[in-house]
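Next, two complexes with chain A in common: one pairs it with chain B, the other with chain C.
Right, the complex of A and B next:
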């Protein structure tokens, strides 16, 4: 069954990962704890990496994955540790 | 079994999700009060726009053949170039997005240090309070 419709399977994976990225973005924007917001945005970046891979851009994957999952959350976590952690009402 | 309708539907779901992502990110930039939350929303918005740019260069499958990444791995004979032109996706948006990712990293680092200076100056990163404070 799976081997018969590879195109549909690829588009299904893309659709599922983009819907999950909507959930991750919503949680990242609405979360009050900034550390958890940064982690949700890292999850969103990982889902976008799947999307880039299936959009046939493996060179973007190689650059985007360490930048958006590693460097930017790391720098933001350092900033949070030096400033304040909770977003007030 | 013809799945053309399902394929188009799934791609439309992907694009709509990206659109919703960009709308949520714009909401986060303008209406969330905290500085770090604004920076996170800005990175999400730039990533979403990069994904739109890559999608512009994408092409659908032709006769159940996967589109190739725009990398020529064999010597450029006529047959290799011919199959490359028929199958590869557009390399130009990918080159632009590669640049945009690195520039986005530099901008984010600049905003992070700006936030640290704001915190040492005002002792808060809540934009509503910074707006009220003078000097």
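Right, the complex of A and C next:
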């Protein structure tokens, strides 16, 4: 059995979450449905929050979580509700 | 299929660049002076033995943000509120805020409404805790205010804007709260200076605890409670102002519509 240092586990979690955030960014850019794009963007922000937490920046976590998961999707959803939901070619 | 290949290409590119950076970072060793800077902040942020050079705040980030570089943060805050004022000025003729007294119905289902009623006070309490303990634990005024501002946003989504208006959360009242917060930040900034004027002694603008040559300052403790001089007041007023500012932005954005 391979012994893993705790640091290795932390770095693995960071690597996985950063790669998943790349996937979320890609989906958010390519998605035609803007509401789903906002949700993907929020997922990306959540993964970034994990990164900030493990990089020992809890202050940034506390400001990033409400702003990027709560407030910005809220504003964007309000704006989408005033225009069209699906992006055109 | 095409998307999966594109994603694979992007991810492999990023992994390649990270691998390159891993090797490159071996060559980029920061100089040891940077460590000294961090050690200086850690040494002086909370240290009762150096009475005239400390901030008395265990949370170094808040100490840096509101004391070491407090004037920068003041101007950051003013940029945020100028942006808000510009938004209000753009939408000034596009919204009316008269609650017509009609019975508010609609919104999401009863389950969601009940859960919102339970969780919204919790969100506000957590935000207040983040803001008021900003000088002790990670967090601060902006973080706490942004957390509090999530609660009215959830109410807007789950109930309606009219529900918030019927409960008295109008943008003029929020503007009042925001102005109280801003005035509080301003007066806390010159509090040491004003006390110095009153007792005819030297004091700096944006002074926190007593410094050599300027013995006037706010107390680090009130009773036995650590407030770190001005830091608690800055966090409190910033929390009020940020929470009210975001609430204004939401209500105005939702109510604004082009007439006729």
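Criterion: the second predicted complex is superposed on the first by the 85 of 89 C-alpha atoms of A that agree within 3 Å, B and C clash if a C-alpha of one lies under 4 Å from a C-alpha of the other, contacts with A are read in each partner's own complex, and residues count from 1 in each chain.
Definition applied: a residue touches a chain if its C-beta (ideal position, glycine included) is under 8 Å from a C-beta of that chain, and two chains touch if they have at least 3 such contacts.
Treat the numbers as computed from the prediction; the structure is a model and nothing was measured.
Colleague: Counting only touches as set out at the top, which of chain B and chain C does A:70 meet: first, second, both, neither?
Modeller: Once the two structures are laid over each other on A, A:70 reaches chain C alone.
Colleague: Where does A:58 make contact in the superposed view: on chain B (first), on chain C (second), on both, or on neither?
Modeller: After superposition on chain A, A:58 lies in contact with both partners, chain B and chain C.
Colleague: Based on the superposed arrangement, let me know which partner A:22 touches: chain B (first), chain C (second), both, or neither?
Modeller: both
Colleague: Using the touch definition from the top, say if A:83 reaches chain B (first), chain C (second), both or neither.
Modeller: Only chain B is touched by A:83; chain C is not.
Colleague: Now for A:8: first (chain B), second (chain C), both, or neither, which partner does it touch?
Modeller: In the superposition, A:8 contacts chain B only.
Colleague: When the two structures are laid over each other on chain A, which of chain B and chain C touches more residues of chain A?
Modeller: Residues of chain A touched, chain B against chain C: more for B.
Colleague: Going by the contact definition given at the top, which residues of chain A touch chain B in one complex and chain C in the other?
Modeller: Chain A residues touching both partners: 19, 22, 26, 58-59, 63, 67, 71, 75, 78-79, 82.
Colleague: So in the complex, which bits of chain B are touching chain A?
Modeller: On the chain B side, the touching residues are 1, 3, 6-7, 10-11, 13-14, 17-18, 20-21, 24-25, 27-28, 32-34, 36-37, 39-41, 43-44, 47, 50-51, 54-55, 58, 60-61, 64, 66-71, 89, 94, 97-98, 101-102, 104-105, 108-109, 112, 115-116, 119, 124-126.
Colleague: Could you pull out which chain C residues touch chain A in their complex?
Modeller: Contacts found on chain C: 3, 6-7, 10-11, 14-15, 61-62, 127, 130, 138-140, 142-143, 146-147, 149-150, 153, 156-157, 246, 249-250, 253-254, 257.
Colleague: Can you name the residues of chain A that touch chain B in the complex?
Modeller: 5-8, 11-12, 14-15, 18-19, 21-22, 25-26, 28-29, 34, 37-38, 41, 44-45, 48, 51-52, 55-60, 63-64, 67-68, 71-72, 75-76, 78-80, 82-84, 87-88
Colleague: Which residues, counting only chain A, touch chain C once they are in their complex?
Modeller: Listed in rising order, the residues of chain A that touch chain C are 19, 22-23, 26, 30, 58-59, 61-63, 66-67, 70-71, 74-75, 77-79, 82.
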